[in-house]
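Two complexes, one shared chain (subunit A), two partners (subunit B, subunit C).
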Partner chain A sequence: MRNIFIFIVLSIVILTNIGCEEDFSPRTTYKERYILNCIIRGDTSLQTATLAHTYNVEGYDPYVNTEDPFIGGADIRIWHKDDVYFFHDSTIDRTDTSRYNAPMKFYYNNNFKPGTDDPIEIRAVLLSGKILLGFSKLPKPVKFDLINSDKRIPSQENPDFRFIWQSNTSITWYLARLQLYYYKIENGVQVRKSIEVPAKYDLENGVWTTVYPKPSRTNRALFSNAALDYVMNKISEGDLNKSDYTILGAVLELLIFDENLSKYYSSLNGFLDDYTIRVDQADYTNIEGGFGIFASYIKQQSGAGVEPEYVQSFGYKSNIP
Partner chain B sequence: MKRSIIYITLCGIILLFISSCEQQISTSPDEPDPTNSGKLFVDSKPLGARIFINGKNTGQLTPDTIAWLDPTDYRVTLKLNLFKDTSVTVKIDEHSVKSIYLDYTTNPNMKGALYLTSHPTSALIFLNDSSTGKYTPATLEKLTPGYYNLRFKYPGYWDGKLTTTVKSGFTNYAQQVILKDTLTWIHYKTENCDIPSDYLNYIEIEKGYIKWIGTSEEGLIRFDDKTWTVFTVDNSPLPGNKVNFIYIDHNNTKWIGTDAGLALFDDVNWTIYNTSNSGLPSNEVTCAAINTQNNETWIGTDKGLVRYNNGEWQVYTTSNTRLPYNSITSLAIDERDNTKWVGTIGAGVAQFQSANRMTIRPVFRFTVPEEGPKNNSVQSIKIDQNGLIWFAVTGLYLPNGGSGYFNGIKILFFEKEPSGSVSSLAIDAQNRKWFGTYDAGIAYYTKPWLKYTTANSKLENNRIFSIAIDGVGNRWMASYGNGLIKFKNL
Partner chain C sequence: MKCKKFFLLPSLIIVFLLIASAQIFPQGRGTLRGVVVDAQSGEALPYSNVLIEKTNLGTSADLKGNFTITGVPAKDYSIRVSFLGYETKHLNVTIKANQVTQITVELSSSKVELQTIEKIGEKYERPNETDLGLQKLTIRQIEMLPKGVETDIFRSLQFLPGVQTTGDVSARYYVRGGGSNQNLVLLNGVSVYNPFHALGLFSIIDPEMINAVEFYKGGFTAENGGRLSSVLNLVTKDGNKNRYAANANLSFLTGKAAVEGPLGSSGSFLLTGRRTLFNNTLKKFLNFKDAPFEFHDISLKANYSSTGTASLTKLSLHGFNSQDRLLNENPEKADYRWTNNIFGATWFQAWEDVPIYSETFLSISNFEGEVSPNLSDVKPKKNIVSDITFRTDFTNIYESRDEIKVGYKLTSFKSEINLENLQGNRTSASDKGLHFSVYGKYRFLRFEDFGADIGTRINFISLAKKSASFLEPRINLTYNIFPGISLKGAWGIYTQELITLVNEDEIISLFEPWLITPDYLNASEAIHYVGGLSIKLFEGLTFDTEVYYKLLKNTAEINDKKADDIDRDFVQGSGKAYGAEFFVQYLQPAVQFTASYSLSWSYKNVDGWLSYPKYDSRHNVTTNLTVLFGSGWEASVSWFFNSGLPFTQIEGFYDKLYFDDLFYSSGLYGYYKPFTVLGDKNLGRLPTYHRLDLNVTKKFTLFFADVAISASVLNTYDRKNIFYFERDTGERVNMLPILPTATIRIEL
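Entry: the complex of A and B
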């Protein structure tokens, strides 16, 4: 009797330990899915979209696939109010051919410029009848806080050039870029040029490094005086003829993202709110029937003058008398 | 008891074995495949109606097929500009292809109407070039919505034209059409005939009825009361599209001065003279005249006076004659004594008997002598049946030109008569002197002056650049802005 009991106990231990042994594989049965991406720009009438399918590879390295997953021949339309805009497919030369050699394919419509605060809808119908849907609403313009923003470069009061605006909503994300415009005399001809100003120019691990603005939820953009000095030097780097340069001024471009794009950047860069966890880029989607993102942004601009004394300190000419 | 314990233990082993292997793997749900959808073919007459499905614009126009429709009922609405919206419910079955066809043209509810009136009334109405048999005021009913070209005919008047729309279910009360009287004045404009421009510089008449018209930038026009023929640099050897003047010699050869040289046209052949192939000092050719007795041709340019005879070119300027100014504006030859009367910009008239004998005659009446010659430009010179030399004079900077004539001894000048800006001069068979002006219509010399302007006549534009008289006494005017104008000799 005792032997039977021991046998049973041993059987239990062995069975419970070896009975479930199996090789684990993260793969499931492969089923093709579709990805639609389209970011509507409020500052242009040329809009583009891409449509692709998922693919399966041997092993776990997706980069072994060198066949462009673009899907052609689809019917892509955007609804804006009572109007419908059709997208057509086209190709452009690919600059990076490290993975795909064929020209880059995309869909475009060059006659669609929506207003602000307008709802828009995208629908892609594949040749198989598969439908992908997305919705967006163009963001509202923001009101620039011109009282508290700096109007001249460099700032007289602050250690940086700052520009402030009133946020639309607590979840709206922005990207502020500062462009410096100037003339350069090339072969006797005045050529208009521009350069983007980094947000910071700092020593990092003993190396001077530029940090350019990234999308964020903050309602202000700061550009350090060191960064301004950096671009002022950069535009004539290696050129002794400083008087060939005339500084015209700076333009702050503010990109205002819609809710979808804000959520996308929020998922990439931080937390949308206290209850939202960060997810991976590939998992974010607002496309019904597939994956991808359909979003929009608008652009607002504001100009700033560059102090003549500051300009002249670099040997340049100022367009401000 | 022991057996029970063994059974219980064995059952426990089995349960453990089963339950310990249970696992949950999370996967995304499968995407549903497209259903067994149907199609809908939508067509209409006329084509091009926008197709809405359940109130949503598909972006497609008839005829077209809406694909990938799930099997269910759909509200299909067709919207076509000017027509009423039309909706129909369609049931789509699996794998079915349904069709809808809407003929707007046969649906009486789609028709519209036009109410038309004119001034004067009783004009015959033509709809898209077909007579309706109706006279204004009238209502044209049961019209298919669309755009219509209407023409109104009334004896003695220009045809009235109107383009308007008809909309489903509405009567369009179109604006009243004002018909223009052609009993005395006729305006030939781009809006009512085939004349290529309303901006005309010059007119001359050949054989009493063929009108040759120079335009400011559309070339040369020939009009024989029926056909408009246009000569430009693109369809002919005409050297420039800005035609300054036309002179018709006794062989009916047209001497055409342009901003790019001089052209001679005998209705078949063209001969072009310019600075590169002739003795012309400039390509800006402004006037010409021929002495029929010795076949000498005199040509005015902005850089001097030219004599042309038997292939020889002789240029007269301020440097080799007493010519008061090199910019020549007008010419006339008095064949009685071979005197050339040469009008200039701002320097009066030169009475040119020969290179050695030239009398400068100012055309002004001012107390300050310098003011007149500098200001006034002689635009036209004509010799009347009594041998008097007549001048049309415009003020260059001030409107203090006028008209005048040389009586054999001196110039009698009528300051600001008929206007301070007189552009042109023509003499009719009754020896009446007709003047065109830049700002006051036309007038003829009598006591008092008889003037025709927009204020007291049906002349539509006071800017007359040139005037000519045809074989039956009709006055023809080249206007700047209102085309060719005919003032009938009734």
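Entry: the complex of A and C
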């Protein structure tokens, strides 16, 4: 009986021990790597870039890292045709200082505005001699489909104002913005103002919510009539003098991403279903020798009038006779 | 679809072989042919043993209970027929010269349980059996294993050396370094494309309907084709031919019932059904995530057979439906559903007065899976698969005991796939095609100590534009070097034209969408080299070892870099796997012990990068001890050990640039969030996995019903086996905790 008791106790001790969680670290040796981000804008000559290094933390929560990984002092250049453009070091105050207190290091050049379809190359040489390379090409402008697009706000045919263009490629991402311009008389002076029109204005969970356009691969931008109504009311919210407002018109602005930016943006927005478990996450980069993105986009715009009857229904003036 | 040019010549060869095989009985000899069935139900008893006493003639029945012994000198004999769990039967037969004697042997279930075990030792095995890589399982053997939540044939395969899983939360299996889509699952000869319920946690095959299981781990012979790694051949029961009967089962997950009975004087039917009752159990498998899956499966089989004095014909019709659904009332959540529909008709004929069998199949297998995102951000996914197959097999057994087997298979396959990857890049493909192949093989069984199975498949019409081998030659050899000791070897070329679009990094996925190998890829091909040694040390103790080397060419690997709808979904890969497996079985009255160990390596090569696949485990040990105590009590204990599975380690982090609105964030683009930098793919190893399962069953009669109550404890010592860890939080997600379960079965 005594032996049985000892056997049972020993079994419990052994089983309890082997049932325990085994120590295990999912880490491999840390190696410092570098990240170069530079998105060239086709509508300005001011271009910026950032350079950073990877970091390691105790445990698994990367947010505990408070050592600023952004790097200054590197030599960053862009080659465009036969010209070289040098980037200068600078810093900018952060809006979010929850992790890093110091101003953010970045690089800029205020004299570079490439033409569309031009190949460009970026090269960053770190103080350690490490080189990061990237290649891009500004996208071509798209052709607006003015026949099928609405020319006036609100649309006479559709439940939303729609603007359509011809896609460059199936991969290209676009970001549209509809700005409504108006005058407001303030202290006897007419001031020009603008407001962005959301794509949707819907009741969600009992709360009226605005949804603004996000980058998308579709070749059209839709703005619901409810969203237009919302904006028209919003511009004079709390102001009884509706006649102080003159609606000038709307401008549709369209950003056209190049292939690299399209792929990069696409890679940022994965969403798995509730049940699939994926253990490794692919990362998109076009930077040789590191991570990050070297890409570009251009901006195009087109105007649209606002129907005088629609404007007047809000008590505003129209600039269209 | 590609049609080979030399259609005529091989066809003529096949026809010639068939004609040449027409049997002329040698003087004074005949053939004994029959089927072994359960005396009470008329159900076929697969792998039962048939011995002609006072001779060295004997055989074991096939998985449908059929047997043939040729070259028997014409006279009166006593034959002995035995089967696991049944009383051995002796009966007299008269073999007539130049004739086939057709018999039906009915065995009665053993009343004394200890005798059940004794019968195992009587198993007749031809020393020249060419069975390398083949595992035969009866449902009775599967039921003796710990049941877990409920008996699952796919999970039972994990006891076999060479079969690997990525964890106890999944019934998906990987055989000798091959992917899960390289396993052919046949239900009554019909391909099943997604044989899983609830994200792969359980198979759709209700063991209640299964009568026999054949599992080829590799080196399989010419009659099987279409997959690179393994073949799981499941044969359902026919149903009780003698009386109406019913049974019901209740587990912590499902409720199920079966009804069976005679159809006329020579037929029978079996209707089984199963559905989820308590899906809260699924939470235990999914890290306590709410998973209100509802699933069911229904199977109906009807048979009609006619036995003459020298012939047997049998027609079987089988229908099967399984469905999984997860539907949300909340439109901001996605809906999930997937369905299998299978229909098969089989015409079996044992030809009159000649030892020829033929079997003709007509089958339809459909799979449809869909994820409807509704208003959620979940990516849509849809896959429709339709497979219509017509197949005939002929087997002729010579007086010398040699066999020739020929057959053809014609498949019309159609698939439609629409899905988006994580980056929103769409895959949309609709394809259809024909596959036509012929096979022929010759089994040299005339020598007592040497057996050879030599044959080939010939692929005349291929589904894939860039088809693989036109010929798929296969060889399987056995040489009995000493009594009880056999050396075995197998070699073969295998092709696969149907592939799945599943990211291997998904350790749980909704379903595997099937499609035909796209035009830009070569169809996949494998070469198996297998060697084996089988030792029967003494009565009841057997030892088997197998070594294998498997080369995988032109495998279809998912293109991680797909960043556009027009980018290709796959890239061509390759792989190899090798290893050794050891299996010991000790069978004594009242005690059954099995233990296996496998040592294996597997590699994948994609885009020039060599890595271990997710299921590569260096060491695997499984043991099972089952004891029958008498009075209806039986108990079993199983222990599993796997060395750690590969995973990709974290190297560090970087602050990645995100942006939603470049209009407003154009200065410095957007905002930065930490992103994990991964090390080299799958170079790390998770901790070892081990688990102890216990099971106790009590069988008794209650009034007019036979009752069996089983209680199991999975992961008895609550081992914290890691499943994966969350990249973002570092949270460790473990597999099954200690899980007590119980099932009750009532049979009327």
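Just so it is clear, the second predicted complex is superposed on the first by the 284 of 321 C-alpha atoms of A that agree within 3 Å, B and C clash if a C-alpha of one lies under 4 Å from a C-alpha of the other, contacts with A are read in each partner's own complex, and residues count from 1 in each chain.
By definition in this document, contacts are C-beta pairs under 8 Å (C-beta built on N, C-alpha and C of every residue); 3 or more make two chains touch, one makes a residue touch a chain.
Bear in mind that the values here come from a model prediction, so they are computed numbers and not experimental data.
Touched residues of subunit A were counted for both subunit B and subunit C, and C has more of them.
Of the two partner chains placed around the shared chain by superposition, subunit C is the only one that A:Leu268 touches, whereas subunit B remains out of contact.
In the superposed model, A:Lys31 lies in contact with both subunit B and subunit C. Look at A:Asp83: by the touch rule set out above, it reaches subunit B but stays clear of subunit C.
When the two structures are aligned on the shared chain, A:Asn56 is found in touch with subunit C, with no touch to subunit B. Shared-chain residue A:Trp208: touches no atom of subunit B or subunit C.
Touching of subunit A by both subunit B and subunit C, each in its own complex, is seen for residues 15-16, 19-20, 28, 31, 33. Put simply, subunit A touches subunit B in their complex at residues 1, 4, 8, 11-12, 15-16, 19-20, 28, 31, 33, 77, 79, 82-86, 125, 128-131, 289-290. Taken in their complex, subunit C has these residues touching subunit A: 199, 286, 289, 291, 333-334, 336, 371, 377-379, 421-425, 503, 505-510, 560-561, 563-566, 647-663, 666-669, 671, 674-681, 683-684, 686-688, 690, 692, 716-720, 722, 724-725, 727, 729-732, 734. The part of subunit B that touches subunit A in the complex is made up of residues 2, 6, 9-10, 12-13, 16-17, 20-21, 25, 27, 30-31, 33-34, 37, 56-59, 67-68.
Subunit A contributes residues 15-16, 18-24, 26-33, 35, 37, 39, 41, 44, 48, 50, 52-57, 59-63, 65, 69, 92, 96, 104, 106, 169-171, 175, 177, 212, 214-215, 217, 253, 255, 262-263, 265-284, 291-293, 297 to its touches with subunit C in the complex.
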